Amino acid sequence: MSQLLLFNVSNGLITGAFYALMALGLSMILNLSGVINFAHGGFLTLGAYFAYVLQQRIGFFGALLIAPMMTAVLGLLVERVLIRPLYGRDPLYSLLLTFGLAFILVDGVRIIWGPGSPPYQVPEWLTSPLSATYFFLTGYRVFMVVLVVTAVAALFYVLNYTKLGLRIRAGTKDLETLSTLGVNTRILRNLNFGLGIYLAGLAGALAAGFLGLSPALGTSLLMPSFVAIIIGGLGSLLGTLLGGLLIGVAVGLTTVFYPAASEAVIYVMLGLVLVLRPRGLLGEEGRLH
Amino acid sequence: MNGLKQHYAKIIVWAILLTIPYWFTYVGGYLGLANEIVIYALAAMALNFLLGFTGVLSFGHAAFFGLGAYGTALTIKFLVPSTLVGLAVGVLTATVAGMIIGALIIKRRGVYFAMATIAFGQLFFFIANRWNSVTGGDDGVGNWHRLPINLGFAKIPLFHNSLVYYYFTLLMFALAVGAMGLLLDGPFGRSLMAIRENERRARFLGINIELHVWISFVISTAICGLAGGLLALLDNFVNPRDLRFDLSGVLVVMAVMGGMRSFWGPLLGAAIFQWLREVLSSHTPNWQTYIGIVFVLVVLFFRRGILGFKLSTVKS
Amino acid sequence: MSLNNGFKLPRRKLLQGGAALAAAQIASPFVLTARAADTVKFGWDNPLTGVYAEPGKNELIGAQLAIAQINAKGGILGRQAELVVQDSTSGDAGVAVQVARKMIDQDKVNFLIGNVNSALAIGMAQVANEKSVLMMDPGGHSDTITGATCHWNVFRICNTTQTEANAIAPTLIKDYGKKWYYITPDYAFGHALEAGMVKACAALGGTRIGGDLTPLGTSDYSAYLIKAEAAKPDVLIFLTQGTDMINALKQAVQFGLDKKMNLAGAQQELEALEGLPPEARVGNWVMEWYYKQPNVPHVADFNKLVMAKSGKVPTARTWFGYAGIWSCALAANGAKSLDAVKMAKTLQGMHLPPEIALCPDGAFFRAGQNQLIANLYVGKALHTGKDGPDDLFDVTDVVKGTAVAGTLAETGCKMTWPA
Amino acid sequence: MSLLQIDHVSRHFGKLIAVKDVSLTVEPGELRAIIGPNGAGKTTFFNMISGFFPPTTGTIRFDGEDITRLTPEQRVARGMARTFQITEIFPELSVAGNLRIAVESAAGFRMKPWLNGVQKKLVAERIDELLTLGNLTASANNEVGALSHGDQRAVEIMMAMALRPKILLLDEPAAGMGDQETYDVSRLIRRVHRDQKLTIMLVEHDMRVVFNLADRIMVLAEGALLAEGTPDEIAQSDVVQQAYLGKEADLGKEAA
């Protein structure tokens, strides 16, 4: 039993890391632009299919490198053409727009690549477990965690030590002041959106390797990411990261004891957080109320 | 002047709704579609009571719609074989859920409120989807049907006569919409609009914002539940899709498309949306793409909705 | 690619349709004459989008092929056959039911066809029965459709889950062992299939040592697989379908479970095997139809036609759609009428001609249940195609449907005919 | 007895102390002005009185009752009304519509689904009174958003008056106005003050308004009470002069 627990906690951390990757992108966009990006799951799916197409031509690692970039470019374009006109308007509009965009992306993937699941090839040396006992630690999943950790570290480095990152962080707190200081907030929001979508694309390219490709791939991952953000606290990326990991572990553990509630559990957590600590675990008080 | 216009609008709307079974087929519709339109319009108008007239965005109203549907279906199937009792239980279920969820999130605003409603909405989806022994899980609740209403001296044949069921739906619609219209025309409704227009000013006029928003939320969820119950009775079936987040988005888009600030806007939005979906899905398998495009176009070009003129409901 | 090619639009004669509906309410004879001059309509209320879009698409290809053949051979009662297609979605029973009602009331379809999703099929059956329209369910497997909730007017091509379980159980017990663990999708089909497997397994002395119900559309099976591994079964049974099957099997193989225990299941589909990476194409399964049957006449012709139409080999789904439409046409021509009761009586007990049955022992609709009984194909998944890239299944045993379908009494079907 | 009695109130925002141990009493019928350089804590002080947030320490008594921790709604119910630096009205409604909401709320009808004839008449009469008092009768049916800045301010003040407050708090009523509008608003305030015998407390930058209207003036600087007295006393106070001039010189530092 204790082994089962241990396995599921560690396994939960692995899945949690994946949720966190998706939630971080979502959170960045929400923090700076106030846009709840419903299409985030759609972008993730697109990233996965981009990776699928590229992998046949330039191999697994090439695909992993390029696919997220392609997704990000599309993200930049979408922000520029569709999202930008909505800044300053009720968040309702951007929510509805991305909601519709999610329809288009998911259905578009189905139209282009068909409704079935094309097979995705991962290098053989990554596909087997590293140890017979810890069989759930496959090469691929360890690789995925390493990549997620690297990506998150890089993200926090960018946000804390580069000019772009510092501006994004400042803009998250007070965009107006930032713009009076002569920073071009349009470009800033554009790049930030692209960065968020890049993370979605990366999550997608990774998901292609351990989940089956299907047009609905990203949709099921979207809600846990929302919950991760609220639990972690709006406005705090560290909180989002924590929220994602917590959700992964909670789902893993519930699956052992009461599998029927394995999806509902995160919403119970959400309810508790809203009652006990409305601003979320690491959220700033009074933000976005 | 404005009052006169509204008066005419009311007459036209009711004339259309009352006569639609007799001419809808000539323009390519059918009775079932008309019935669906009335039901979704009721849900969208209930949502708009909150969204358009209180200024609070809920993106999780499908949950209450679905709870109404499940409450109705399960009651009729397992507890009391009565259409009216089923519907009442459905509405009650949605209302109680609305009270609890409302109390949990009422202090949040804007994006935070929207996200919390989305998330809580999904909780009910997962309960319906996984609690197999009660809800039938993904398969939904079938093998029951709406029953005739026994008035003692006569039976209303709801089940076998879809036309009768249409008018039953329309009666419920009229009661609920009438109640909302009455409220919006009175001081309570004006307090809600005050909150929408300027929360700070409303607060400093002594209006208890949380209490008012909560009541508005509960009214909205109760009527949404009624609509859900009516849909369950129309299909003689419910399944978890009736409370999935997709539907929440659809209800919002109906309200926005028709015009959030207009009382009848969501009805128009629902009619257009359901009709579009019907036409598109029978002409192309790619209909969801087009629905998505409709969303985008509505946001970019129909900011105020089709009936989006400024409506000074608060007259002197 | 998109389904646009060959997607025939329902011809909407607005005024005429409108008149028909209005007239139907007062039962005017005008409608009947107007209808007689029209085509014979098949209402295709099946998924085109969502999780079942792939099987739905393949069933549609088979159906379109059948329609073309029927029309080339003179149609139905001298009238042309027409397919009226609308997306039922993969899971929204409200849509499926509404579409069914519309097709019957407004489009005046003579047959209602669907649905891959059993829950939707059950909802549609209720409407079809209420309106006394012949319904053909090509690919929804829940036992109750031709069992506890059977109707005189509802027929089915694909097998019951119990039949599939009975077909595979002996092999698994014999070759691998008696302790089975289940990964079961949490909906009627999964529950029925598991119940069938447990029953078939118990009859041969095996036991269920554990299992989990996994929600439809689960993407990450790792937590379930960790539990399964801890239970140390002889056989790990996957009853998931479609993308769920792909996800579950793919992850099980990545975890190396195929080396620790035997992976198997009941229903398998070529669509799913094609979505798996080669190393994850493992295990023992049942297919309900397979395109490689060199000794069965007409199969090669059918394969050629489907290849020409879609560029892919037919799957069981293609055959379901094909046989479903043809059965309806045969019923009408046999009954010399489009009256649902007459057609249903004709269809009951009917043996399909070999060019439609496309299986070694023939196929027939068992009266009293309306279930098609044909062959089942037990075998193993192949990492890579033996004869061509699509030949991903090695049939080891062709089972006679009559041997595994159980008795009529076991199905629980009690049919009542309209007075 | 004083109407408003504020004892040793402070407010901290993290490390920043916005208001530091300020005490003050306002007598019934008085018009009290609060002035002070930018960042002196005037608005924070004002917001504590009206109930945006409670003080960190200290008490606020109103009409003999401790209201330190009450919500804005509760304070309104006890007879406190306020306006804002940036006019807070219902822009999409007519002037009469704005007043109607205020009047109905004041009459305790805000939860009522509908009104009876007597109540409707009562509301209509009160709206007419306020329209007359605010000199707004001509524009009664115009949309508020389209009115001039001065008229919008008048609407806001009349909405506050609708509550029949015991005290009216005005946050920079003349902010952003031209000379004529400033003059009009001053006249309106004076009228309200004199005719209705209303206690008023206002924060204002425009010294003409302050010295013209106020009975007593209180000066805040760096969150603390600097001086208090009649307009004449304040005008001659060296401390005040110095504070204003000194601040002016150091403005750059303060803004940062």
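In this document, chain identifiers A, B, C and D correspond to the written order of the chains, with residue numbering beginning at 1 in each.
Everything below uses one rule, namely that a contact is a pair of C-beta atoms (placed from the backbone, for glycine too) under 8 Å apart; a residue touches a chain by one contact, two chains touch by 3 or more.
Model, not experiment: these values are computed from the prediction.
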Minimum number of chain-to-chain contact steps, chain C to chain D: 2
Remotest chain, chain A as reference, centres from CA atoms: D
Central chain (distance from its CA mean to the mean of all protein CA atoms): B
Distance from chain D to chain B - Cα centre to Cα centre, in angstrom: 42
Between chain A and chain B, centroid-to-centroid distance (C-alpha), Å: 32
Centroid distance [mean C-alpha coordinates] between chain C and chain B, Å: 36
Whole-Å gap separating chain A and chain D, where each centre is the average of the chain's CA atoms: 48
Residues of chain C engaged with two or more neighbouring chains: 2, 49, 213, 215
Chain A residues counted as touching two or more neighbouring chains: 107, 111, 260, 263
Touching pairs - complete list by chain label: A-B, A-C, B-C, B-D
Contacting residues of chain B [partner chain D, same complex]: 182-183, 185-191, 193-194, 197-198, 200-209, 212, 310, 312, 314-316
Residue ranges of chain B touching chain C (in the complex, touch as defined): 22, 25-28, 30-33, 36, 126, 129-130, 132, 136-140, 142-143, 145, 163, 231, 235-242, 278, 281-288
Parts of chain D lying in touch with chain B, wherever the complex brings them together: 50, 72-73, 76-77, 81-82, 84, 88-94, 96-97, 100-102, 104-106, 109-115, 127, 140-141, 143, 156, 159-160, 162-163
For the chain C and chain B complex, residues of the former touching the latter: 2-4, 7, 9-10, 12, 14-15, 17-22, 25, 48-49, 84-87, 89, 91-95, 97-99, 101-102, 105-106, 118-119, 122-123, 126, 149, 186-188, 191, 213, 215-216
Residues of chain A that touch chain B when the two form their complex: 30, 34, 36, 38, 82, 85-86, 89-97, 99-108, 111, 223, 226-227, 229-230, 234, 260-261, 263-264, 267-268, 270-271, 274-275, 278, 288-289
